[in-house]
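As structure tokens, the structure follows; a few thoughts come after it.
All chains are identified by letter, namely A, B and C, in their written order; residue positions are counted from 1 within each chain.
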Amino acid sequence: MRPLSDSGTRFLVAPASILAALALFGLATPGFLTLDNGLSIAGQIWILALLAVGQMFAITVRGFDISVGAVAALSGTLGVMAANAFGLPALLLAVPVGLACGTVNGWLVGRARFQPIVATLGTVLAVKGLALLVTGDGQAVPLEAGDTAELAFDTVLGLPPLGWAALACILIAHLVLRHFVLGRRLLMLGSNPEAVALVGGTPWRIEMRAYQLCGAFAGLAGALMTARAGAGLPTEGAGMELQSIAAAVIGGTALAGGRANVWAVLAGATFVQVVLTGLNLSGVSPFFAQIAVGAVIIASGLMDTGLRFLLSRLSRTFQQKGTFQ
Amino acid sequence: MRIKRPPAVALVCLGLFLLCCLLVPRFATFGNIENVLRVAAILCIVACGQAIVIILGGIEFSFGASVALASVVTVTVLPTTGPIAGLAAGGACVIGIGAANGWLVGRMGLPPVIVTLGTLMMASGTAAWLVGGLPLDAPPSAAFSWPARGRVLGMPVSILAAMLACLALHLLLAHSRIGRLWYHVGANPLAARLAGIDVARITLLGYVVAGAFCAVGAIILTSRVASGQPALAPNLPFETIAACAIGGLPLSGGRGHVLQVVFGVLTVAMLNNAVVLINLPVAWQLVLLGLAVLASVGLQKDWAALKRLAGRTAR
Amino acid sequence: MPASDEALLATGIAKTYGATCALRDARLTLRRGRVHALLGENGAGKSTLVKILVGAVTPDAGRLDLDGAAAAFGSVTQAIHAGIVPIHQHLSLFPELSVHENLSAFALAGGSGLWAGWRLVDPSRARGWLAEVGLDVDLAAPLGTLSLGERQLVEVARALSLDCRVLVLDEPTAALNAGEADRLFAVVRRLCANGTAALFISHRFDEIEALADDVTVLRDGRTVIDAALIRRHSREELTHAMLGAGVEARPERLCARAEPVLVGRGFAGRRDASGGTDVTVHAGEIVGLAGLIGSGALTLAAWLAGAQAGAGELSVAGHGFIPGDRRRAAALGIAYVPADRHAEGLFARLSARRNVSVSALGHLARLGWLRASQEAERIDPLLRRLKLHPAQPEAEAATFSGGNQQKLLIARCLALPGLKAMVLLEPTRGVDVAARSVIHDAIREAAAAGLAVLVATSDLDELMVLAHRYLVVRDNRLAAELPQDAPRAALLSALSGSMAA
């Protein structure tokens, strides 16, 4: 007899948390459990969801990327500038910009063997500074190439078109993680970094890919951010890196690496957004939401540790039985 | 650990100093140098705390937010308690946050990044919530402004405090039992536990002492801005981590010397000052800081590899 | 033997790290269909030679011939494609992935391709490999749910997936129990019968004699016995070739048994275990706790030292303490050397002296302040006594060889204030023979000075030269107690008990 794998448990935490939060806010705030509010949350989660999915790739290979918020701001701003010069589709330039930042992070972590926190800290500072420099000290850059409000806010079949686009990107992330060779390599690297070279892989290249994916998704989030705001906001995105880590960890991504599920991470992002919206509607100070996000981050860490502890205990019991044969 | 040669960062720092003297107008004036030192003083005090956490193998992101919270708390309670108790209350908040971090990291085994980012959010949220998001001015008084503006024997209090902080850190790291245990816990926590060290308690104490250093910095900074600001010093954790990294402390823990912290801080302060003096946009401070962190850590990587080779030779 | 028999020939291999010469002039000849043992003490260049064979390290000089043609490997992948398949001591498997994915790891990690499903190996072939190594597990099961021994067999099964011409087994039995090791050996023999050459590295003479046909011995980076038939050489000859030194004698007999010092009652290795295990170690006595890996011997020893939580009562010299309270145990005078030097013992970044003094800090500090001169005064004589080489107490622990790192852990034990008992887990695992005899001498001296010593090890040779009394652990409980003069055969049968019965 084989024990149950823990994957199920870890990835169920986020959906369960959403249900609990819905119940709680539904009881506390009468206007919370309405269709309108549900749709409004469904329209809002995508920036965070994209960042969290990107973050998930970095965490899967036992890293962190604390530069995602800054990268999203920079790439969104540069995207707006390109769109103003060459037309609206050039907004997607945000993605290669994010990819470039991710490549720098990935090279530093994978090839130059920097600790993820040092490498991404360095890029946070540099990228923040760059975003300020290209905009002349943090001025918002209005998007003049076209109106994106329709794409960002008018719902089609329940979601705004850009929401559908983000969902498609997340579906691609799922395919990459679950079904592409690359995803399998990321999981291998997170699971046992030393072994990857021994079975003929190139660890630093795989690690770099993880940060590149993370950067590309941050770029997507930046494009979405500017499309929603109708302007490039070079100072936006502060605090988003924290929310993205929280969402990814609540979504069951193991901090020890090797375990991740895109849909659970999406649920994690939804949970964070439900909490923020719920607090907003229940009329507490907006600053209180910040405190709540902090609490959610720590709770996510506690959850990860608790699960690991619990499951290692379980598996030890099972393993001892296993040696009997 | 005893350092026989001056740390590499000392040379970098000296080189940068000479470069600034030669190239940056108005850098080498007495007033400007004192200004650099004053800015460096607060950074240095907080970086001393950061160094302890980094030696423990952790990282502290919550310093900026807890300094902001301290300033808000100080100014809020100031009218009823008077300046000294007010500043003490602010400092106590910082130490309390340090203790919470230490408990979560040491006792609950959470990753320091997650914990301190979480308390960062909570502290800055609380600070903004207390004053409704807007700065709150403090009633001026001599005692309140003494930490920032006072002088003892002609020396600004803040610079004196920084020197004392460095001395205290040195005594802790090199000559105290607890400091020695921080190195052990940072170098290999599991081995430390099996050697009979109470890892959770040592970690907790480390974060509390780090919080105490930060509290001193918070008091001086609050006194200087003479107001409670929920967005005070948002870059403080980055700058202190950068100072430690530039100084050559490995973020994986277990190693570090007070001189490395001092020179790291001076390097950061000079970079920031030079950017202002040559009239570059302030954003260059961030860019340069980021590049300096990456460059210094990258250079130290190579040196570490060389050293390892040398070690192999000796075997 | 005809030259065409040679699967792999390495001649004149040299490799220098910095100024250290790891290999000077090594020669290795592997023949098809034969198992070849590679012997050498730590530092003789064994692991460097293996790394060169499997393509992880490029040699400075020398020549590799694979099936008569010159070969040079730039990477592990190239070596694997050439048919040299390594099986490492530390498993190169992925606990979070399924057995099927692990069996397909080479295809997944190397080469190009997009869709992972296309690169997984055919399930029926995968099941065939598993059957060949005698494993019956679900392909979809996560590897992490298998026991260590089963995982090792998965690794061997994965080697079957490759066109394997040379199988390199680098201490593969370290984590296996006797049954699993036998299964592994059977698979290796079967592979060899089909013309594969195998290189087998192990520290255990029993296994080497059971499995290997030929033997090569390295000393100081040179081949001193080259591809000789193993039955032509006795153990003493091989050991002598490895060291150029004699074999240790058994310890002196204990005259009378002193009072009990370290007492543990009611150890239960498993929750469902019926009845507990009691262990008593007396002053001046070295108790050898013998057990195969996985038997629970190490867990029992760790429990006695307070490093492992669990049921039962523990006391040292009459003072009780709670299992798992390592801090209290150390304060009461129980020193402990954990089994895994790097993960659990060493502070690699700190100086040698600090690695030792950590246990004595309470003694060296007054009111929380350390007295540095006292530290050197107290620690350095210990390091001299243990012949730390190089004798640089300020050097970082990471720069020392494995044997000298282990000496640091032993010195840490001896430096513990109020030392009453020592619990040593695998005290000489992966340690060169010179350091081994220094460590053994230190253990004997400690016992002679009246300490209670418990040595838990899976190395029978070590037990035979150290212990005054053997306790044999099997299936998480005490299976037998044997006197000092028990013959090796009696110990062996007690260790493998159920198999023999």
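Criterion: a contact is a pair of C-beta atoms (placed from the backbone, for glycine too) under 8 Å apart; a residue touches a chain by one contact, two chains touch by 3 or more.
The shown structure was predicted, so the numbers you read here are calculated from the model rather than taken from an experiment.
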Checklist entry - If you tally contacts for every chain pair, which pair is highest? => result A-B
Checklist outcome for this item: With centres defined as the mean of Cα atoms, the chain at greatest distance from chain A is chain C
Checklist outcome for this item: Whole-angstrom distance, CA centroid of chain B to CA centroid of chain C, is 44
Checklist entry - Using the average of all C-alpha atoms in each chain as its centre, how far is it in Å between chain A and chain B? => result 30
Checklist entry - Which of the residues in chain B end up touching chain A in this complex? => result 59, 104, 108-111, 113-115, 117-126, 128-129, 132-133, 230, 238, 241-242, 245, 251-252, 281-291, 293-294, 297-298, 301
Next on the checklist: For a test of understanding, state which residues of chain A touch chain C in their complex under the given definition.
Outcome noted: 2-3, 5, 7, 179-181, 183-185, 187-188, 190-192, 194-201, 258-259, 315, 317-320, 322-323
Checklist entry - Given the complex with chain B, which residues does chain C contribute to the contact? => result 17-20, 307, 326-327, 329-331, 336, 338, 343-351, 354, 358-359, 361-362, 364-365, 368-370, 372, 390, 392, 394-396, 398-401, 412
Item to check | Residues of chain B that touch chain C when the two form their complex | outcome: 1-2, 175-178, 180-181, 183-184, 187-188, 190-198, 250, 254-255, 308-315
Checklist outcome for this item: The residues of chain A that touch chain B in their complex are 64, 66, 108, 112-115, 117-119, 121-133, 136-138, 239, 242, 245, 249, 255, 285, 287-298, 300-302, 305
